[in-house]
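All chains are identified by letter, namely A, B, C and D, in their written order; residue positions are counted from 1 within each chain.
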Amino acid sequence: MTMSNDLSVWIAALVTIGLISFVFKENLYYRIVESLYVGVSAGHAIVLGWGNIRNLAVRPLGEGNLAVIIPIALGLMLFTRYFQKWSRVSRIPMGFLMGLGAGLSMRGLVGSQIVNQIKACYLPLNSMNNILIIAGTFAVLSYFFFTVEHQGFVGKSAQIGRYFMMLCFGAAYGSTVTGRISLFVGRLQFLLGDWLGILQ
Amino acid sequence: MLRTATLVITFLAGFIMIAAFFFDVGFLSVAEAQIQDWGVIVAAFALAMASINLIQVNVNKAVSSENVTDKICSFVLLASLAGMSIIGLTKGPTSDTYNVLFDGIMAPGQSTVWALGVFYIASAAYRAFRVKNADAGLLLFSAAFVMLGAVPVGEVIWSGVPAVSQWIVDVPNMAGMRGMLIGAGIGAFSGGLRLLLGIDRTEVG
Amino acid sequence: MLSKLGRIDSRVLYFILLLSFIIPLLRPLGLPMVISDEVQKTYDLIESLPSGSRVVVSFDLSPGGYDELAPATVAVFNHMAMKGIRMVGMSFWDAGPSLLDRSLAGSLYADKEYGTDYVNLGFLAGGENAMSAVARDITGAFPRDFYDRPTANMPIFDGLQAFKDVELVIVVATGNPGVPEWIRQVGDPMDVPIATIVIAGLVADYAPYMQSRQLIGMIPGLRGAAGYEALIDMLGRGTAGLDAQSAAHLMILFFVLIGNIVYFVERKREKDEADEEGAAS
Amino acid sequence: MIQGRLFTFWLFVIMSVVMLYAGSYVKKGNKTIKIRRLTPLEAIPEAIGRATEAGRPVHFSPGLAAITGQDAPQTLAGISLLRYVAKLTAKYDVRLIVTIRRPEVLPLAQETIRQSYLEEGKYDSFANVSVQFLSDQQFAYAAAASGVIMREKPAASFLFGAFWAENLMLAEVGTQVDAFQISGTASIGQVPFFVTTTDYCLIGEELYAAAASLTADEVFLGAILGQDICKAIMVALLVAGVIATAFGSDLFIKLLSL
């Protein structure tokens, strides 16, 4: 492999190096690269957001679908928050979005995050693993009781729950480390391989 | 009046979602579909709004900050935001120029920022990860196995590593996560209910 | 000597860590990866799908996690393309469509027919709500694809309106909205099987969904990619970076170990000194 | 009723009723509800005591989230804890340094602290407080806050609110200057890092419980009571179902699948 002659690879390499330099010392190069990428990311959100508005609202409106006036009006009301006098109007579309989101997540999570999770604990007590799964779920739930003092049975159960959580946090810690390492390997493969061309 | 309207709209949007989920009634399904489609459009507007906040903060900085570096950075940010938006809106997000900016700046920028975490993990591992008590000991035990189980060298050290690592994730971790998942579900339900009924402190807006 | 170790400059640590990445990348040992159970299961799952079946792939990720997920995604795409599975791609994160475009271009789908064998529908705003809306009416929610072409007449959507006609949803995820939202809006209520290609950092979090079978397949990050590449016999980037990963993992554990030795030795010495002072007075 | 959703529906109704009832129960003046001991919370006076003895300042961060959106409750809980910490620093005349990432959190934090100093009758010492907005960029904030901690060498550092990958930078530099660190976050993914690098950590919902117990706010307390009762219902369902399954009955599996 040889060194890249692709423009975007070169830009990406300069961006990558600039950001990595931050861990050694905060510097102007880093700050500029950071601003560049934050700006580009925000621009990207505008572009794709507009794509949705165009496909789902503007084009249908042009084809005579008048019902889309309602969401367009709601969407435009969001921007009233930049005008002192009318800023409270923006609460209406925010309320609409938040109410919709709350209703959706509530209706879904009772089934998927509570009922199905409890049901999955209905295991025969014929193996150590099954017993640990049931006991662990029970103990962790008891840890998060806040109106009952951690004494006696609840106290013991909560303590066991805490141990289970520490094993969880260890697993999360370990797998996060793995994730970050993978990402950095990816960045180095890019720098050494795609850019400099010194990897096979 | 405005406040009442907001509360009513918040409640209705959520209530119709919930009712349509449980009851198979014609008009509810129609209302559900309609509200969801509207939600997508309003959310697209909201997406642009987040960027406007960023513009506002940085215009202020570019104009009035006394720190020269801050001024330059805000200016760069605004210029790149404008450039990306203009190219995207005129030539589309699949055009060649747009792709150069996406592949050259946005994608590597974000992934490098995430990847930098490995350095902080390394120095915190060295300086701050102290096995002071049973909690930290258990955490380290589990973390070490899960880390070694994720790479080939784990098996070289001891052939049992992948199995122990998998067991930790599938049994004690699973049980603990499940307990937290159920608890967090109840918490989210409670937050949602308060929001729909307008009794939350962190009210809408 | 030990107290010097305790005060070592962070940049020295960073440099050592950097070397532990770079050396094995340049001079790999080629330690093989064990194929984990979950990767094998996910492979079997896709292997069992008949040719011509339709799978939705939702690219719900930030570019931040793309390096970690791309190798596994390309491996799965190659497998699906070899099996003649049709792929309906979409995204609920704004960076998703461009990244999906890159993954498709790097896979065997690049040689297949767009609109018949695969499609990239682009991005839809609103997260969980958008997922639910798409599941009800795919082309209604996406009247045009990422390249601004009308979707209604694409052959891939013949007889496919809602997710109930989809064989499987694969969520390529780095966070929320992602796997939990897909499960509660689509997987559970519509009875659609969900699998995921996910960053390592979330593997522990999603274990409860795997045990309850709300999630029927999971490929964890780069480690899963290496296994999958071996299964389809097309080695790629997932396998290439494994030695560097091994070395870096060892280095971090080594840092924890040294850090704690320094800590305990110093604490013991301080305690001894305090005891001596106590004895002297 | 759509098939397969009967049990979920009734559970939904029961949870709603329980939570509303708990809310009105607390509102009717039954504020006798006590939140259980939270060790990290009890360690706060000790940490501030150390700062007093050492004549060093105290650092506080209310996290990186805003006051609207998904993570807003965490920021607000962080502000509730700030009120408590500020009262203690006012009482013992310890310098308080607060670092802020979101511009909109700045006035809220300032007002909260001013109120605390007024209540303690130490308004003159308010000049001794430094509330600094550092940067709205995640890592730029973390780098600047690390710099502040490095220079000021606080004897105690409190990190309460929403944190992401940058938390390690803050906690590590705290360890380096030998600060007594107490943290708390409901961002579960970050808890492992706080548990290993700080002295005490409020885990997940403990952050909200801590805020509720300090402010004695009716809405907070009512929510916690309601959630506790719901958790008790889930525990009962779990135990009953496991016992039934152990005796070979699939009654509960069928019930939950209704």
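Just so it is clear, a contact is a pair of C-beta atoms (placed from the backbone, for glycine too) under 8 Å apart; a residue touches a chain by one contact, two chains touch by 3 or more.
All values reported here derive from a predicted model rather than from experimental measurement.
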Centroid-based (C-alpha) most distant chain relative to subunit B: D
Result of counting contacting C-beta pairs for A-D and A-B, higher pair: A-B
Centre-of-Cα separation between subunit B and subunit A, whole angstrom: 2
Interchain centroid distance [CA atoms averaged], subunit B/subunit D, Å: 19
Inter-chain centre distance, subunit C versus subunit D - centres from mean C-alpha coordinates, in Å: 30
For subunit A, residues contacting two or more additional chains: 22-23, 31, 34, 38, 41, 44-45, 48-49, 51-52, 56, 97, 100, 104-111, 113-114, 117-121, 133-134, 137-138, 141, 144, 165-166, 168-178, 180-181, 183-184, 186-187, 190
Residues of subunit D engaged with two or more neighbouring chains: 5, 8, 12, 15, 139, 188-189, 192-193, 195-196, 204-205, 227, 231, 234
Residues within subunit B bordering two or more other chains: 18, 21-22, 36-37, 39-40, 42-44, 46-47, 93, 99, 102-103, 106-111, 113-121, 123, 127-130, 135-136, 139-140, 143-144, 146-147, 150-151, 169-170, 173-174, 177-178, 180-184, 186, 189, 191, 193, 205
Interfacial residue positions of subunit B with respect to subunit A in the complex: 2-3, 5-7, 9-18, 21-22, 34-52, 54-56, 69, 72-74, 76-85, 88-89, 93, 98-121, 134-136, 138-147, 150-151, 167-186, 188-189, 191-193, 195-196, 204-205
Touch list for subunit A against partner subunit C, complex: 23-24, 41, 44-45, 48-49, 51-52, 55-56, 59, 97, 100-101, 104-105, 108-109, 111-113, 116-117, 119-120, 133, 168, 171-172, 174-190, 192, 198-199
In the complex, subunit B residues that touch subunit C: 21, 33, 36-37, 39-40, 42-44, 46-47, 92-94, 99, 102-103, 106-111, 113-115, 118-119, 121-123, 125-131, 140, 144, 146-148, 150-156, 162, 166, 169-170, 173-174, 177-178, 181
Subunit B partner contacts - residues on subunit D that touch it in the complex: 1-2, 5, 8-9, 12, 15-16, 19-20, 23, 67-68, 72-73, 76, 103, 136, 139, 165-166, 168-169, 171-172, 175-176, 188, 192-193, 195-197, 204-205, 208, 217, 219-220, 223, 226-227, 230-231, 234
Sites on subunit D touched by subunit A in the complex: 5, 7-8, 11-12, 15, 33-37, 137, 139-140, 143, 188-189, 191-193, 195-196, 203-206, 209, 212, 224-225, 227-228, 231-232, 234-235, 237-239, 241-242, 244-246, 252-253, 256-257
